[in-house]
Amino acid sequence: MKNSFGNNLTLTIFGESHGPSVGCVLDGIAPGIPVNEEEIKKMLSLRRPAGAISTSRQEADEFVIQSGVFNGFTTGTPICITIPNSDTRSVDYQSTANLARPSHADYTAHCKYRGFQDYRGGGHFSGRITAALVAVGGILIPALNKKGIYIGTHIKSCGGVQDREFADYTNDINKLSTSSFAVLDENAANQMQQAILNAKESGDSIGGVLETAVIGLEAGVGEPWFDSVESMLSHALFSIPAVKGVEFGLGFGFANETGSTANDSFYTESGKVYTSTNNSGGINGGITNGMPVTFRCAFRPTPTIAKPQNTVDFVDMENKVLEARGRHDPCIIHRARAVVDSITALVVADLLATRHGTDWLAL
Amino acid sequence: MKNSFGNNLTLTIFGESHGPSVGCVLDGIAPGIPVNEEEIKKMLSLRRPAGAISTSRQEADEFVIQSGVFNGFTTGTPICITIPNSDTRSVDYQSTANLARPSHADYTAHCKYRGFQDYRGGGHFSGRITAALVAVGGILIPALNKKGIYIGTHIKSCGGVQDREFADYTNDINKLSTSSFAVLDENAANQMQQAILNAKESGDSIGGVLETAVIGLEAGVGEPWFDSVESMLSHALFSIPAVKGVEFGLGFGFANETGSTANDSFYTESGKVYTSTNNSGGINGGITNGMPVTFRCAFRPTPTIAKPQNTVDFVDMENKVLEARGRHDPCIIHRARAVVDSITALVVADLLATRHGTDWLAL
Amino acid sequence: MKNSFGNNLTLTIFGESHGPSVGCVLDGIAPGIPVNEEEIKKMLSLRRPAGAISTSRQEADEFVIQSGVFNGFTTGTPICITIPNSDTRSVDYQSTANLARPSHADYTAHCKYRGFQDYRGGGHFSGRITAALVAVGGILIPALNKKGIYIGTHIKSCGGVQDREFADYTNDINKLSTSSFAVLDENAANQMQQAILNAKESGDSIGGVLETAVIGLEAGVGEPWFDSVESMLSHALFSIPAVKGVEFGLGFGFANETGSTANDSFYTESGKVYTSTNNSGGINGGITNGMPVTFRCAFRPTPTIAKPQNTVDFVDMENKVLEARGRHDPCIIHRARAVVDSITALVVADLLATRHGTDWLAL
Amino acid sequence: MKNSFGNNLTLTIFGESHGPSVGCVLDGIAPGIPVNEEEIKKMLSLRRPAGAISTSRQEADEFVIQSGVFNGFTTGTPICITIPNSDTRSVDYQSTANLARPSHADYTAHCKYRGFQDYRGGGHFSGRITAALVAVGGILIPALNKKGIYIGTHIKSCGGVQDREFADYTNDINKLSTSSFAVLDENAANQMQQAILNAKESGDSIGGVLETAVIGLEAGVGEPWFDSVESMLSHALFSIPAVKGVEFGLGFGFANETGSTANDSFYTESGKVYTSTNNSGGINGGITNGMPVTFRCAFRPTPTIAKPQNTVDFVDMENKVLEARGRHDPCIIHRARAVVDSITALVVADLLATRHGTDWLAL
């Protein structure tokens, strides 16, 4: 599948940071889903760099829906969305084309594409590629909401600062949906932003952890082998540049538990089944159990920093020192949240399309 | 794809714990790969329950190669392997068929399969299903070894006991390949086994973390969107029952680093490119950089315990207490290691088949 | 996908004619579909060689359901069916292993599998591989019938003899379902059987054309690009050894028509839409229009004949004369009908699973 | 896969006839393939309506390469090509939006997309969608040529007129590559064009048969089940609007042959293997044998005609008479040839990418 993902709702991503446009094709979408350009803009604005804590690259993120939408509704045919690349200063990148920025994909792209890669601004590996994916989130998330499914992501930790846990999922997710810096505890938000500014000042960068909850998802979704909910979500999430870990429920915390402390007891109330704890993150045997699906993604610090780094010229095969240039983000975790929400929406909608058929999401 | 995985080398898994057999079909394998039944038996023996620290269910794991192998070599057509289920005491499971064992898949299977699931011994969700996958590992791993690619997995932590880090990858992986309890530090091994016995005695279970390294894998393998090396590996790994977290390189540890401390500097020596650290786990932008690929899987404690647990009868919708019955493992992490190695071999071989074509692995 | 087909209902085929077994895995089947072994036996008997007009190879076609069926119903997990190869006289094939039987796959298999192919009895290319597929038909066809969808295939032509056209689809399909030599006109049946016997006597073989109709299939099924109903059916049908042409509705006959003579006018009656003719074979723009889906498959004469043929030894690269040995069919079209019905059922069920979700077929 | 096709080289098609643009994404292409815009223009000009025998709709077919090409070479990342829709007179279509044009996809689109389809000019079912696919042909065909693989398609029959058979494949294909009306016999060309003009004058349309040959393709390409060369080609070809039959080699002609007359004898010369006839169309058991791959596609007459036709209003469910409006082609077979060539190139390149790996085509 390469640059595509999803069994019945399939997203294909294309584009380079400094080419004509980045974009994507969403195939398999139900006909009759409202497409509200304001929702798409809202999602894009959550991803867009903003203020002192982000890069100075300013993109209008003007998107064009090339196909698949007619009279304000999805037609059921593939939706192609392109986002032109307007603010591209390619000259920044030319002289360092053969210098491998540490922990970036320059060297691996060179190995994979044999020197033919578009090296400008990270090319196909730029975080900018996620913009089109977020635009798709602006279509899928409102559609899922209509089905009673809500997705919320907050910055669980950043710069050593911890946000509080999800408490009331409905309220918390609702609050996050309008928050430009997605943290549940305002004090933590301020501390995190200060940590980002500190990193920026010292020419450095920081990472963090995003935590996501999906509520309203019915029990029985997912496959044991191999398309478990964990498998599908992690497959999609690990595509996001900078994600290096994914865990569900207690995740790595399970290693320090016993069966008797970690198992989620079931109970029934008013004809429905619940678990008294949710250490499993809403998933047993790869399949949803009706409790909130919860997971966390670890983000590495942005590799681009304003400090000199040792590296190689991979064409001349010489050791070099790289002085960082170009614009960059001291932290991308607050922007990545819109990407995680959108990818989660894609995976959830895909799993439901497999279960209920292509039209279900619109009915 | 559901119960299949892989783009060019595809594994399909079938079977229920108490049906006629469990098995799998491996499609897309290069013709001309030696198939040594001793290697398959060796892999199966690493997964088989053994001694006091495992379940008392004894399976001969007699496998039958139904197709795709002729005169000791793969033919290039699909290899079907079946493993008959011999030691099945189905009577153990009947009376509790509608009781959801906490953190098992009984309830989710019921929701998904609408009451038609084979509930005996976990059915399709039984860890036993992994036996066939491990048999495939017995074909793929020697083939990868011939290409200079080696895979090693050790128990990084179990019952609060930590193993040492990988040091000399080649020696460590070699040592692990013949170890029935895959730990690098013998003291840690003894402590972990004691922890497992303690859990068993108290009718409880424990989890842990497996750490895997792949060495000898060329730079340039993997895709940016969506089939990154991380995406493909995590997709496959999260299919293993009990895996709840996957991280690469520093993984969640990145959250506490800065770009300047976490970035892997490049250097060149004798015309090859290396990184001075390997925090990225051998992967940049989803693509291998030639350094060891390293990752860790978090395993939850075995959900089956010998203590009473609150649960529900999901047919009668009544709250119940479950008294554990049936045989079980107080810990499965030492057995799961063969599964992780085999799945890793599958993903690596698949990525290489995409890059180099169907025959490459045999050439 | 290689040896697999179907998006949501996926069939994977494995096996060699003289290996332990041939078989298949059906994945994505709805849970709760009745599995009646008598129906499977009935389908297998329609495919089994019978009487003077077929090969003398006698196979019991004893099938084993290895997984995915419990208490007489599909569980929703993958169904693996194996059919052991019992009557295998491998000695027949050894001495001619490197002789390319004309129009057989010996030479192409050698090129593809680089000498590692199982050459006995055609190996993976044997028509026997279709047995497992037909067993699957014994599950899918009754399930489709319950949904009001019926599939019928008759021998449209064989040995220069033409059967009559479909007239009353319901009656004709019903008649065909119990016919061991699927012809609508009894006179034609006798003449065709005589033609087959004549071919046998002269050590030769003949081909023919099968025509299939699917009734009861709702309008709106299929995709414009690329998974049109024609695309999906032809993809599957061309896998059948010996099929060399597939046409829908008028098919190649369209070349001699004009738009005004070939177009199917629509009309409405009692709130439903029909076409006054069905030259389109029930498909417009790749999507069903609610009329019977009709298509024809051209079958080449069985390549195995009892006459000497010029050929090569592809290992020694020498010109040779091949004296036919082994058992063979003077015609396979009457047996292939069960294969076409089964494959059609697979494609139809897959298209419906995509549209209506995984469970629909059982509801 | 829906609107995508190909295992390793995947094409996704999007767009509606009267939306912003039609286009496609080609994923899995080798990095380093030259992209010559003149070659793309040449391919597009072969598909473009021209002169009296075509529709009066004039499209500039200005294409934009949005991604995947850098400095004149493919980068290896997805290539998105868009072709803006400029000459769109949408007003033509509005008043007849609910009238099912006979043998068009209006009614089936309505059933599938539940009324949300873009009905203007056939929407996603318009032949115009093939433009983007043909642009891709302008990249793939020159790349295949460099590998010694050549594809040629001629109009085998149109309006009752037959073209001559392929004789010298190399010369014939070379001749066809520069021919705007692809016929081998000039007399036949004139007669066919007259037949098209006659159809136009009488407000009618005609169909025909295209015949294609692929030469230079190595032996051993394709899969037995299910991705045979016939399966893959027919899957792709049947996506072309108007194709209703596909046959390989003798195709339906096999029905009137015997094994002894139809089998292709092998012989060897200078260490290579040939067949003395090529009734199999270069494919045995689904796999290429090194001889030219030959097939024919039957095209129905263009459904749009200038005569009144009976039909229904599928919203009001009333019988109606349709007076044809809008521009149309009296025959599309001469334009479709560029589509068949391009689709064939896609399938061939995909099969080779599976066999030889992603980079092979560029090496």
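Order of writing sets the chain letters: A, B, C and D. Residues in each chain are counted from 1.
FYI, a contact is a pair of C-beta atoms (placed from the backbone, for glycine too) under 8 Å apart; a residue touches a chain by one contact, two chains touch by 3 or more.
A quick note: this is a predicted structure, and the numbers were derived from the prediction, not measured.
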Query raised in the report: Taking contacts as defined above, which has more of them, A-C or A-D?
Result: A-D
Query raised in the report: Measuring centre to centre with C-alpha atoms, which chain is farthest from chain A?
Result: C
Report task. Determine the centre-to-centre distance between chain A and chain B, using the mean Cα coordinates as centres, and give it in whole Å. Result -> 26
Report summary line: dist(centroid_CA(chain A), centroid_CA(chain D)) in Å evaluates to 38
Query raised in the report: When the centre of a chain is set as the mean of its C-alpha atoms, what distance in Å lies between chain A and chain C?
Result: 45
Report task. Name the residues of chain B that each touch 2 or more other chains. Result -> 1-4, 7-8, 13, 77, 112, 124, 224, 359
Report task. State the interface residues of chain C toward chain D in the complex, per the touch definition above. Result -> 1-5, 7, 11, 13, 100, 102-105, 107-109, 111-112, 124-125, 129, 157-158, 160, 199, 204-209, 218-228, 230-232, 234-236, 238-239, 241, 243-260, 262-268, 271, 273, 275-276, 279-281, 283-290, 296, 298-305, 307, 309-312, 314, 317-319
**Report entry** List of chain C residues in touch with chain B within their complex
**Finding:** 1-4, 8, 10, 12-16, 19-23, 25, 27-28, 31-32, 64-68, 70-71, 73-80, 82, 112-118, 123-124, 359, 362
Report summary line: Given the complex, residues on chain A that touch chain C span 7-8, 77, 224, 354-360
